[in-house]
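Below is a structure I'd like to ask you about.
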Amino acid sequence: QGAIEKKEVHVAVGGKASLYYLPLTIAEQLGYFKDEGLSVTISDFSGGSQALRAVVGGSADVVSGAYEHTLNMQPKGQYLQCFVQQGRAPQIAIGIATAKAKDYKSPKDLKGLKVGVSAPGSSTHMILNHFISTGGLKPSDISVIGVGLGATAITALKSGQIDAVSNTDPVMTKLEQDGDVKIIADTRTLRGTEQVLGGPMPAGCLYAPVDFIRKNPGTVQGLTNAIVRADKWIHSASPQDVLRTVPESYLLSDKALYLFSFNKVKEAISPDGVISDAGARTALKVIPTFNPEVKAKEIKLELTYTNEFVKKANAKYK
Amino acid sequence: MAPVLALERVSCTFLSREDPSEGYTAVRDTTLVVGEGEFVSVVGPTGCGKTTLLNVAAGLLKPSAGTVTVLGRSLDGINTHAGYMFQTEALMPWRNTVQNVVAGLEFRGVAREEALERGDAWLKRVGLSGFGKRYPHQLSGGMRKRVALAQMLILDPRILLMDEPFSALDVQTRQLMENELLELWSADRKSVVFITHDLEEAISLSDRVVVLSAGPASHPIGDYTIDLPRPRDVAEIRLTPHFIEIHTKIWRAMKEEVLKGYAQQQRQ
Amino acid sequence: MAPVLALERVSCTFLSREDPSEGYTAVRDTTLVVGEGEFVSVVGPTGCGKTTLLNVAAGLLKPSAGTVTVLGRSLDGINTHAGYMFQTEALMPWRNTVQNVVAGLEFRGVAREEALERGDAWLKRVGLSGFGKRYPHQLSGGMRKRVALAQMLILDPRILLMDEPFSALDVQTRQLMENELLELWSADRKSVVFITHDLEEAISLSDRVVVLSAGPASHPIGDYTIDLPRPRDVAEIRLTPHFIEIHTKIWRAMKEEVLKGYAQQQRQ
Amino acid sequence: MPNSKGNRARNGRLRLRAFQVLLLALLLVIWHVLTSPTLLPPIYFAEANQAAFFFGEPVEVFARLWRWFASGEIYEHLWVTLVETLLAFLIGTVSGVVIGLWLALSPTASAVLDPYIKAVNAMPRVILAPIFFVWFGLGIASKVALGVTLVFFIVFFNVYQGVREVSPVVLANARMLGASPRQLLRHVYVPSAMSWVFASLHNSVGLAFVGAVVGEYLGSAKGVGYLIHQAEGFFDMNTVVAGILLLTAFALLLDWAVGLAERRLMVWQPRSIETERT
Amino acid sequence: MPNSKGNRARNGRLRLRAFQVLLLALLLVIWHVLTSPTLLPPIYFAEANQAAFFFGEPVEVFARLWRWFASGEIYEHLWVTLVETLLAFLIGTVSGVVIGLWLALSPTASAVLDPYIKAVNAMPRVILAPIFFVWFGLGIASKVALGVTLVFFIVFFNVYQGVREVSPVVLANARMLGASPRQLLRHVYVPSAMSWVFASLHNSVGLAFVGAVVGEYLGSAKGVGYLIHQAEGFFDMNTVVAGILLLTAFALLLDWAVGLAERRLMVWQPRSIETERT
């Protein structure tokens, strides 16, 4: 293993407290980055696309974010590469308000409904679009409302301003617990992802500009090692261990909610950090239908991810 | 004559904002009674407290001590029976001349057209017809004073409080205005408190001239009844021997006082 | 006497903002020349354009036509040789009395202590010692005028432009100030343009009295040389027969003019 | 010679306009040069097309604007945003003026409420957006509410101070002329505070738009802010910039209207002394 | 009797404070009652604990504040936010005053730049945050920049108008007394515009905090806004409210300092006529 080129690493993440990025938090809390000789600063942003922008703009080095952005960015001439995986399923669920649930049989029944997504154009929107397309609906058959990833989403559904919602945890779990929604599509589990997307799909990753990875392989290896260790730790730890490890502030409002969500998404957390080729191909199939700028033929898929570092990490941390 | 306006044993002390323990007593223990239809002039050295007294009479300033009675009632708040012509400029800069003149009518709910008609008539009376559309900053100093005069007189108040109303006018215009005022006053015997620095003006207009001492703690030091016959023409009456006699008498009293006050201020 | 200040064939037309085609010509074709050490008074009916002329002489107002020459040079911008005492209140409200008096010294870079010392001396001269720490709104009208006077005179300007400086003062204080002014003026023969409504004051102070016609389009209609002997005491000189003679002469000329102007305004 | 005078004034105005257009053109050129990957070696950014990623490219931006209007797709969104903005502007201004007047004129109320007003002004509205959504729903109302919270305080603070700056003599005069408290308000306080109000309005115009757009950005189904948000999801900076430019144009339009009202209402103000030069 | 007078004034102030405390207590009680699931049948919300979901519970909020200070964990974050706020406030104020003065005094520059200033003011800062991050990094500077863009315009518009409201006579007098343009600025324009500046400062204090917090909220690794963002992720409204309250307290403190400066600098202003009652 080579020397570390850059000890101070700035990681940008959109919504650090979310379970989507649990391995990052665990690696930080357990000091795995330090173990690799890295000094990591984690800046939290209001959304994944903001975090990405910080890296493109040069104020941060590495993004902790959704894999699909590496595809979204290629048409812009930005080559980003994912080098370790945190989640192997998008962890987005679609739920329909309980009041409307009895009329719902299949995706095509969503026609004409108001559906909340975290933000128009985001992953929640993409999964939703893909989901309705399986029912033969066009994007214009539903009206999409941006409701964010937090309290707004919950109120919007509870107050009946939207009929269905596509969102991540903890919003979906909270709504589920309160009995406000019936889940109709669930990519928080591997099986659900298979059903909705027709295959696995990489979710939370660490990715960085190709250039950065080429110039700092030692640093990237260190980051990879830490995340892989965290992935493995999560799969071996008990829920109590997790509760003890995450920052107290994550648990302040509702420990039970956190635990409940954790148990739900545990399966979606990558066990070894490896990005599967099948997953990448799913992404390439799904994204162009959503973002027309991404043309499947022009994408250099091999540039979007590498398992080179993960392999070494897995060799090191069995 | 029943007193229409009575200030009794009035004192005014201004607080200094920086040091509240230190005040400046402008007027002390002053009594000024104005009867029905009486024209009283107040003269006195500059800075003695004339404006302060007028503010008290108008209800704009609460005296530190003493009582103010208007038409037999103790004054609380604004003196609604009085019209006040201020020493400093008090026109509303956002109203043009005629709008300023009719402001009081408007406040009283007089119909717009009637108000404007009366306003125009008053502008003519003060020699400003044709200037109705100008804003205050487009008028000369003397013109602004005349607008203020019309603004007050158009309301026909029972008590007139006038603070150096004519000092910015040339002698001739001034005499025209003085005669205008006397005519109005004699028509329905208003009560007037008239502040001036021009002793001749004071004597030729008034029933009584009150002389104030130099400040601080100013108070009346002379009260002269002017027994010149009415009606008077302000230009002609100045030439009568009795006028000159009164003038000399008051003049002497004042001169002493002013020199005393001046010396006092210089000593401070 | 070389002319120190010369307004030649000056006209001033004020634009009306609403209707730019319609202007008001306050002064037309007026020539006013003031020699070295000359004391010129300007009298005229209210609103005739005296302040306007003074503004032109001060360089604050560009005339619509005509030239202004100061000490042989054509005036462009502010007249830096002149001190100007405004008709309206012009003290800086955020400076107390003594700070206002020394403002000009401060602008000229005089050391703080020296300035304050001279300021105190001047406050004493205008009878306001002890009032140095008051802010303008805490002074009476006459006091503010005296502060403005001190503010101007402390700079010892070559040309004095004074717009009704003493009209808010009682007669006695006024005479004290007038004598003060004459003393100062005679010491180093300043050139003075003095606007007043008091013809007696004009005559008793001046070398020359200029009478303006009534507005609009006002212009000089009389120019009287006052050949009273110097030095004069303003109170005593009024009683001399020659004074009374001059007074009567100018008075007649003015009276006609004012009545004409008044009638004109009322006709408009 | 009134003609030559008119000419001079017109010339001055023409020169000014020319200047402004030139400056605009210059800015566009700089923008174009800096964001065009081929024209210049990268200056600030490591990679050539990174600038375009953040600032968009002017040609693309205008193409976007053109397409929006050609296809008509923008009208619906623009309409929503403009309605939100105007409502926020009006409601914010009126409530700012009314409450400003009220507190300025009743010292007790002002003393009691003062800390609360200041506290509310210090609250970050963006974070409180969920509460607005609860109260006002996801429609127009919540965006208007957000805009109002921005506009209100600007107007309020200025009216409050403006009223306290009323000349005491003019006030006393109006009272002596018999003005009732209501009339004092209407004929003295309001006109006297008018220039304060207008100063705040020039500021509010911009913030009303900001409120509407940010509100849409945080949760909506329509409006220019929605378009911007959607474009951001795809990293389509050209659309983002096009949306911002579009709104800016309308902000300038609204500001011009405010300026017009100001010039009409403030004729009485002494400007620097004005003589005619013939 | 100066004693009784002092007493009366003191009584008045005491009563006022009592009022304010009472109002505060009342608000807290209302907050408590409405958010406590057990005390009342749900009024506005369908479910009992939904109010708490949005507004937090006062007891919890204060417990949170207590723990922050007891454990000392807050200091680091608070410090960052306060530094950002103060810097934004200072830089925004100074640049607003300077540019406001400049444009108010040079009519050409103002005519040319006017539309640009208004355009920039109409831009939604939140959307432009990524650009700030590019230019100023993820540290303190970008939050300061965001705050400055809020504070600057408030101060700017007021200074601009304030300068144009200078009494023409006072100005002419100062010029006749020989003031150079610089001296006019320092001795006439600035003092005359002072009450305008202070009106805008009272508004800016709040917005400086808003800028800092929103900046942190949009992307940061430290600061109270960061804490709030973290808490929002898990609907921990108590922490959100605690953060907002904490900052509000500091905003009031800063405003008090501004008020102090104002009272010192504005002694010269005529208030309503003031006599002593003995």
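Letters A, B, C, D and E name the chains as they come in the text, with residue numbers starting at 1 for each one.
By our rule, a contact is a pair of C-beta atoms (placed from the backbone, for glycine too) under 8 Å apart; a residue touches a chain by one contact, two chains touch by 3 or more.
Owing to the predicted nature of the structure, the values given are computational and were not obtained by experimental measurement.
Participant: Compute the shortest path length in steps from chain A to chain E over the network of touching chains.
Facilitator: 1
Participant: Across the interfaces B-D and A-D, which one involves more C-beta pairs in contact?
Facilitator: So, comparing the two chain pairs, more contacts are at A-D.
Participant: Where centres are the averaged C-alpha coordinates, which chain has the largest centre distance to chain C?
Facilitator: So the chain farthest away from chain C turns out to be A.
Participant: How many angstrom lie between the CA centroids of chain A and chain B, rounded to a whole number?
Facilitator: Centre separation, chain A to chain B: 84 Å.
Participant: Just curious, how far off is chain D from chain C if you go by their C-alpha centres, in Å?
Facilitator: Computed from C-alpha means, the inter-chain centre distance equals 48 Å.
Participant: Distance-wise, how many Å sit between the C-alpha centres of chain A and chain D, to the nearest whole number?
Facilitator: A distance of 38 Å separates the two centres.
Participant: Could you please state the distance in Å, as a whole number, between where the Cα atoms of chain B are centred and where those of chain C are centred?
Facilitator: 26
Participant: Name the residues of chain D that each touch 2 or more other chains.
Facilitator: Residues 54, 130, 134, 217, 232, 267, 270, 273 of chain D each touch two or more of the other chains.
Participant: Please set out, as single numbers or ranges, the residues of chain A touching at least two other chains.
Facilitator: 53, 57-58, 150-151, 155
Participant: For chain C, what residues touch not just one other chain but two or more?
Facilitator: Those would be 14, 60, 88-89.
Participant: What residues on chain C touch chain E, complex-wise?
Facilitator: Chain C residues touching chain E: 58, 60, 78-80, 82-84, 86, 88-96, 103-104, 106-108, 135, 137, 151-152, 155.
Participant: In their complex, what parts of chain E are in touch with chain A?
Facilitator: Those residues of chain E that touch chain A are 46-47, 50, 53-54, 64, 129-131, 133-134, 137-138, 217-221, 226-227, 229-239.
Participant: Flag every residue of chain B that touches chain C in the complex, lowest number first.
Facilitator: Within the complex, chain B contacts chain C at residues 14, 43-51, 87-89, 124, 127-131, 138-143, 146, 164, 167-174, 176, 197-199, 254-255, 258-259, 262, 265-268.
Participant: If you look only at chain A, which of its residues touch chain E in the complex?
Facilitator: 10, 12, 15-18, 41-46, 50-51, 53-54, 57-60, 149-151, 154-155, 158, 170, 174, 178, 247, 249-254, 257-258
Participant: Show which residues of chain E lie in contact with chain C when the two form their complex.
Facilitator: 169-170, 172-180, 183, 187-188, 191-192, 194, 267-270
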